[in-house]
Amino acid sequence: MSMNEEKKEFRPLIVAFCCNWCSYAGADLAGSSRLSYPADVKIIRVPCSGRVNPMFILRAFERGADGVIICGCHPGDCHYSTGNYYARRRMALLFSMLEYMGIENGRTRVEWCSAAEGAKFSKTMNEFCEKVKSLGENVRLGDLRCKN
Amino acid sequence: MQELINRLKELIADGTVVRAIGWKKGDMPYNPEPAYFEKPEDFDDFVYDGFCGANLSKMMIEASKLEGKTAVCLKPCDTYSFNQLIREHRVVRENAYIIGVACRGKLDIEKARKEGIKGIKSVTGIDIEGDGEVVFDTIYGEKKMAYSDLMLDRCHVCKGKDHVIFDEVIGESKDTDDADRFEEVRKIEKMTPEERFAFFKSELSKCIRCNACRNVCPACSCRKCVFDGTKFDSQQKANVDSFEEKMFHIIRAFHVAGRCTDCGECSRVCPEGIPLHLFNRKFIKDIDDFYGEFQAGKDPEAQSPLTDFTFDDLEPKDAVGRGE
Amino acid sequence: MTELEKNIEIIKEISGSDPYKCMRCGKCTASCPAYSEMDIKPHQFASYIIRGDLEELIDSKAAWKCLSCFACIERCPRDVQPGKLVDATRQIVARQRGGDYLQPEEVPELLAEDLPQQLLVSAFRRYRR
Amino acid sequence: MYSISKDNLNALYSAIAGSYDLFMPIKAAGQTNYGFWSEGAEGDIDTLKTIKSGKDAFFPQVEQLYTVNREIVPADVAAGPEAEKAADTPVRTKLKVNPVKLVDNDFVIFGMRACDVRAIEVMDNVFLTDPVDNYYKSRREHGIVVALACHEPEESCFCTIFDIDPADPSKAKADVATWVIDGKLYWKPITEKGEALTAKISSVFEDDADADSKIDGEKAYIEGIAKQLPNAELSLEGWGADKTDEKFKSEVWEKVYKGCLGCGTCTFVCPTCQCYDIKDYTTKDGIQRYRCWDSCMYSDFTLMAGGQNRQTQLQRFRQRFMHKLVYYPTNNDGMFMCVGCGRCVEKCPQSLNIVKVIKAFADNK
Amino acid sequence: MQKIGVFVCHCGTNIAATVDVKKVVELVRYEPGVVFADDYMYMCSEAGQEKIIEAIKEYGLTGLVICSCSPRMHEKTFRACAEKAGLNPYMVEVANIREQCSWIHKDKEEATKKAVILARAAIAKVNLNTPLQEGESPVTKRALVIGGGIAGIQTALDIADAGYEVDIVEKEPSIGGRMSQFDKTFPTLDCASCILTPKMVEVNQHPNITLYTYSEVEKVSGYVGNFDVDIRKKARSVDFGKCTGCGECQTKGPLGKIGNIPSEFDRGLKNRPAIYMPFAQAVPAVPVIDRENCTYFKTGKCGVCAKICPSKAVDYEQQDEIVTVKYGAIVVATGFDIINLDKYGEYAYNECPDVITSIELERLMNAAGPTGGHLERMSDHKAPKEIVFIQCVGSRCDDDKGKPYCSKVCCMYTAKHAMLIKDHWPDTNITVFYIDVRTPGKNFDEFYRRAVEQYHVNYIKGQVGKVKPQPDGSIIVQAADLLDGKQINKKCDMVVLAAAIEPNPGVRKIATMLTASIDNNNFLTEAHAKLRPVESPTAGIFLSGMAQGPKDIPETVSQAGAAAVKVVGLLAKDKLKTNPCTAQCDTLLCNGCSTCANVCPYGAITYEDVQVNDHGLRETRRVAQVNVALCQGCGACTSACPSGAMDLQGFSNRQITTEVDAICR
């Protein structure tokens, strides 16, 4: 590893699923208020946090993501009234299973963030990037099976 | 067993049912196969003994489409799966005549093989009514094993011997529940993340992607599985990269979460002996911890936990890190 | 970072409060029982620290007349905690002078009966650090 | 004839592994499967049958064929913006195909039973007849097969009916034949490859005079047991070449197939199944084309665009056993595609298997 | 394969400052499917859109990717632009490289790399877009206004004048809201009820307006144009038809006019009987029986009001009634209230009766108020000579006791109070302790200067530290005078607190029912702070008055008018374009297991037995059917469906999967 290789420290790749009504608007507000967070976060817009299928999350990890965060409206504020309640249950079970399989539980997170909470959105993204960076590259979800 | 055969013959004779689903004698004493019985003479090789472990409720999906009623022999744990299939409109209750058969725990020939019992010619002591030891007459002499040592793991954590849905019950069951259902899951939860990861890595690396666990599971009854179809571009026929098994097993366990009745078929049929029930039981344990006791299939009207919610459900961040 | 900036950082760190939040509403000054003794008023602490006039603040009577009764901290609408800011300024001085601290044993005889309890606690807190 | 005591088999393994890759049954996570041996791996030659056969050595479950990536050839836009505007200026990207390096180093498959060795022969007839599959060919040429006699065949075995001799692997097309007889491994090289291998690792062996008598005693013992197996006298009468029309329309299939789940267990544990599917996988820098085992039992096996693959489970069930016992013998002058290893007999979740099919047809007559 | 055009916007320097737009265009040009890539200074401008239309025609583009600002901003613009060029509007995807890339990253190289990735994800998604047609849904030509204050009244009047039916639901027995409690209003000092009551009467008599007073909204379902609202009409115990509003029951009741229950209308400074009309000019002029405090309902005795009522209008058996009405639009005008001052011990509000809030002062100075307009101290009913006003009580507080925002109206109404008091009783001395006097607006600062220059109100810059009621009935106010550097201990006999305002506490429940987004100060969030202030992001929900944020009466009325016009704009349409991104079930894959129907919040999924030909296998199967009119495209069903049969158009499983792949590549 040459010298500049050393300097180029590990940059995590983070996929964020943001619900169109609250957290995506929150992300826009963070943007318009110039509240920065690392460029490693890439946001995918979904109609509701209830739309995020565990297949997408595992697909992201399979394709090399190091962290996945799902943002939605605060329970009770969902634009479709119940979307985030189902998402909350699905993610609770999925995260518990991933932890059970030995995957570091810092790699996944759910955050409720309303359209007016630009600051909270940026703070959450900074915290999450820090946490994923400290966990390093996602190796475990990559090779739970040795090559034969 | 004879009483069961006579009753089935009687049902076919008096026209209540057109056919019956049960077990046919296998060419080995320990491998009876699920089969259809229509004519009285078919019943000559009908068998119901300790090795008839298969859950026949999934065969009723196709059988209930045929015209005329079908009698089906369901063990107590199979009836939960049948209830779940009714709830999801996959079987037509009117076309099924359910005979709740007695059960005193089902046997696993792998356990005999692990004890080095080979060249088996015949086995006695495995009929439903009997008790006491199982005697193997093998080429290398006679070998004995206690019935409970030969029993499948799932029967040690049996959910109880009363049938949840039946038209009639034949025979006396004997309780076999002598272990804590979530003990293995707790043991794994107490391990460190590295140990847990190593455990699942070694187990899942045995998987040969034969889909037996999916095709036998009564809860996994999709017409076309998401892993076969093109809906998610997730066509995964073989383990191209190491992640595929995980994705397959996690998603399969997730799809049956809240619907899995813990009948243990997936672990029974896995050619590589992977303890697949550990995934489903983990979800069942979590659902019980997070959202209150729920046994799939016990009450067909109950709303499955994953299609239900309460305002103050627990937050995903509190679902993890409970161990530390 | 000059010596001065370092001190401001230390003050912020000890007091745990952010002087920039002060909107100069004067509620702390209004509530301060030791107001008459003070040359620099409580609502000015934040701006002195922001401007960095530590010398002036340290040489002033105000820093040492503060009774640490926390009325200003309790009532400050912006959570600026002026009491803690001036307390931190005193810490800077106490630390610079090589810590000729008052030993706990020496305190009892210095006590007067009618001294408010809170003062005692503050004294210990201030001089024991 | 060479021999080595069973206790320091590890010395033998590390000797082989010194100069070749050693592919042998390894016990891991409670099961014995073929895998590459490395220091510390627990070799297990006592278990009679591994879950999956040794076929992986020559025809692995997943094999990368080649990778493709896109190179952007700067279109001749250099001529300025007008050129770019012209709709017909193709943006040229070139596809670069880079095939995977074929296996070019010798490797040893140790502990293969006689039935699996015969299975290699069965596969040779398919892969090595033109059009030759050079992925298979490269592995086949570099593979040195060390066959091991079956000390105590199990009741699920029925290799004898395909005249495979479990006792004497030297009859099968192996490079070395070995026997394990009370605590000693006897090693008898057959082909030059076998001789070359033995020469390389001869230091490990010691010469053993009364090996032949011991081996004859073992052969007699094994044959004795083989005779007592329940399926020893299973007759293949009615099966074999050109029996297609007789068997295809029989209504026995209707009765036998009902329990089949359509999972792929029997095909994936079978040493002779050689159907595969070719699929693409998009990776970071291009496409990776690989082939992987496919099962005729799956609902989307050979699914063409028009949807004309075998639609019902009966057709798929019939196809599997007809291929084993009729179609293959028809194309390979009577050689059966089944080698009687009994893995499908043991592993089928619904206990349906080839033996029951043969018996069902026999009873039906 | 699609023919995609990619357009990267500079957005002046907003994007170009930290994203190398030219490089993005270069890198994106060779993505699969892209046949044209270009950049322009302002894509959303006329010229920019012209460029797009021209490119569509010239290259025969079948898909568009616009890398610019947030889709929430200009997605509509670019879709309309595509439609002009004959391209289906739903073949357009927007990559957000401003709010979520250029504005929040400093390092140009890093931001450019991210912009390319986001563009690549959008291109991958457009490749799988299918043309969608917007459906239509009918519009119920009727509006609902929740809240009967000036905001609700003004909105209802404007809608009704435009010829549409309007219903007002008001929680209190009478409409009028907070404004009816005021005495005078700034800056023109005209009397509150004089300008409000005519509007209330107009509302009552307007043929298009139906009044539901003493009623609450119970449940809201449906969506824009088709809301079904359950309104609970609480039992008034007085028959509407018979009651003439004579008020006998109030005056001749057992305890006479006084009664023993603190009157909410008079902020508890006066009592009222159990059967009451909040104030004289109440609309509707029909009293209500307060069942918690009425002796008849508590003990079964009394029943005097029924006896003395001349027109026998009292009816104890009346029950709550739930009315379900269909509406096209809903306006939230739930208004505000004063914050709770219990946590502010330093102002001694609970200890001393002479420390009152400004709204209580409004009641004291009001002729219909508890003291008939005579300003008296509540303790000894003497006229106060020294009054102290304290500003920003609980406003601009960053702690958990108060509100972080400035309540906007207190400086003006305190100046009003000061002037009115000095005008009526010139010998009274008034001191106002303030942090900043904020009087923005027409004639506002002049109004405040008149208070200082003409009426010599004494404004002192400095907050009050402590209000100390003295045993002799007077009050010492310990404050700071920051400008003159003095600490003052002012002796006075009345203290008026300009307390902070907060939205009506019931609004959070209503926001949840309407699925309207609300911020943590309980103000309803507007669709866009500057460009769409009177609409909620939830289509069909509009905001009017203090529910959306602190504002004074002139602004409330203007916003009420704006909300009304928005509602009229919606109701004028016969058909509304519905969101075409709805769920769709693949009949061949569907298991008919009802999992999706259980999670659908709109009940849009039903089951039918359908004849199916699955690759030659003919069968009747129980299959899900999506009612496209009801489906709002939330996608809950798609992630509940195990086999992937249920998919969402516009955000399909494959589209999101390709986006994930494009990002993780």
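Letters A, B, C, D and E mark the chains in the order given here, with residues in each chain numbered from 1 onward.
What we mean here is this: contacts are C-beta pairs under 8 Å (C-beta built on N, C-alpha and C of every residue); 3 or more make two chains touch, one makes a residue touch a chain.
Note that the structure is predicted; figures quoted are calculated from it, not measured.
In summary, no chain was found to touch both chain C and chain E.
The chain with its Cα centroid farthest from the Cα centroid of chain C is D. With centres computed from CA atoms alone, A is the chain lying nearest the middle of all the protein shown. The greater number of contacting C-beta pairs, out of the two interfaces B-E and B-D, is seen for B-D. Averaging C-alpha coordinates per chain places the centre of chain A 31 Å away from that of chain E. Annotation: 83 Å between the Cα-based centres of chain C and chain D. Chain B has its Cα centroid 36 Å from the Cα centroid of chain A. Under the contact definition stated at the top, the residues of chain B that touch 2 or more other chains are 205, 224, 226, 232, 234, 239, 241, 306-308. Among the residues of chain C, none is in touch with two or more other chains. Annotation for chain A: residues touching 2 or more other chains are 54-55, 59, 64, 76, 82, 86, 90, 148. Listed in rising order, the residues of chain B touching chain A in the complex are 185, 188-189, 193-201, 204-205, 207, 226, 232, 234, 239, 241-247, 250-251, 253-254, 257, 279, 282-283, 286-287, 290-291, 305-311, 313-321. Across the complex, chain E meets chain C through its residues 346, 392, 396-399, 402, 435, 461-466, 478-480, 482, 485, 487.
Contact residues on chain A toward chain B in their complex (touch as defined above): 54-55, 58-59, 61-62, 75-76, 82, 85-86, 88-105, 108-110, 140-148.
Chain contact summary for the complex, chain B toward chain D: residues 26-28, 31-36, 54, 59, 118-121, 139-140, 202-203, 205-206, 208-212, 214-216, 224, 228, 235, 237-241, 268-269, 271-273. Contact residues of chain D toward chain E in the complex are 70, 72, 87, 91, 93, 282, 284, 307, 311.
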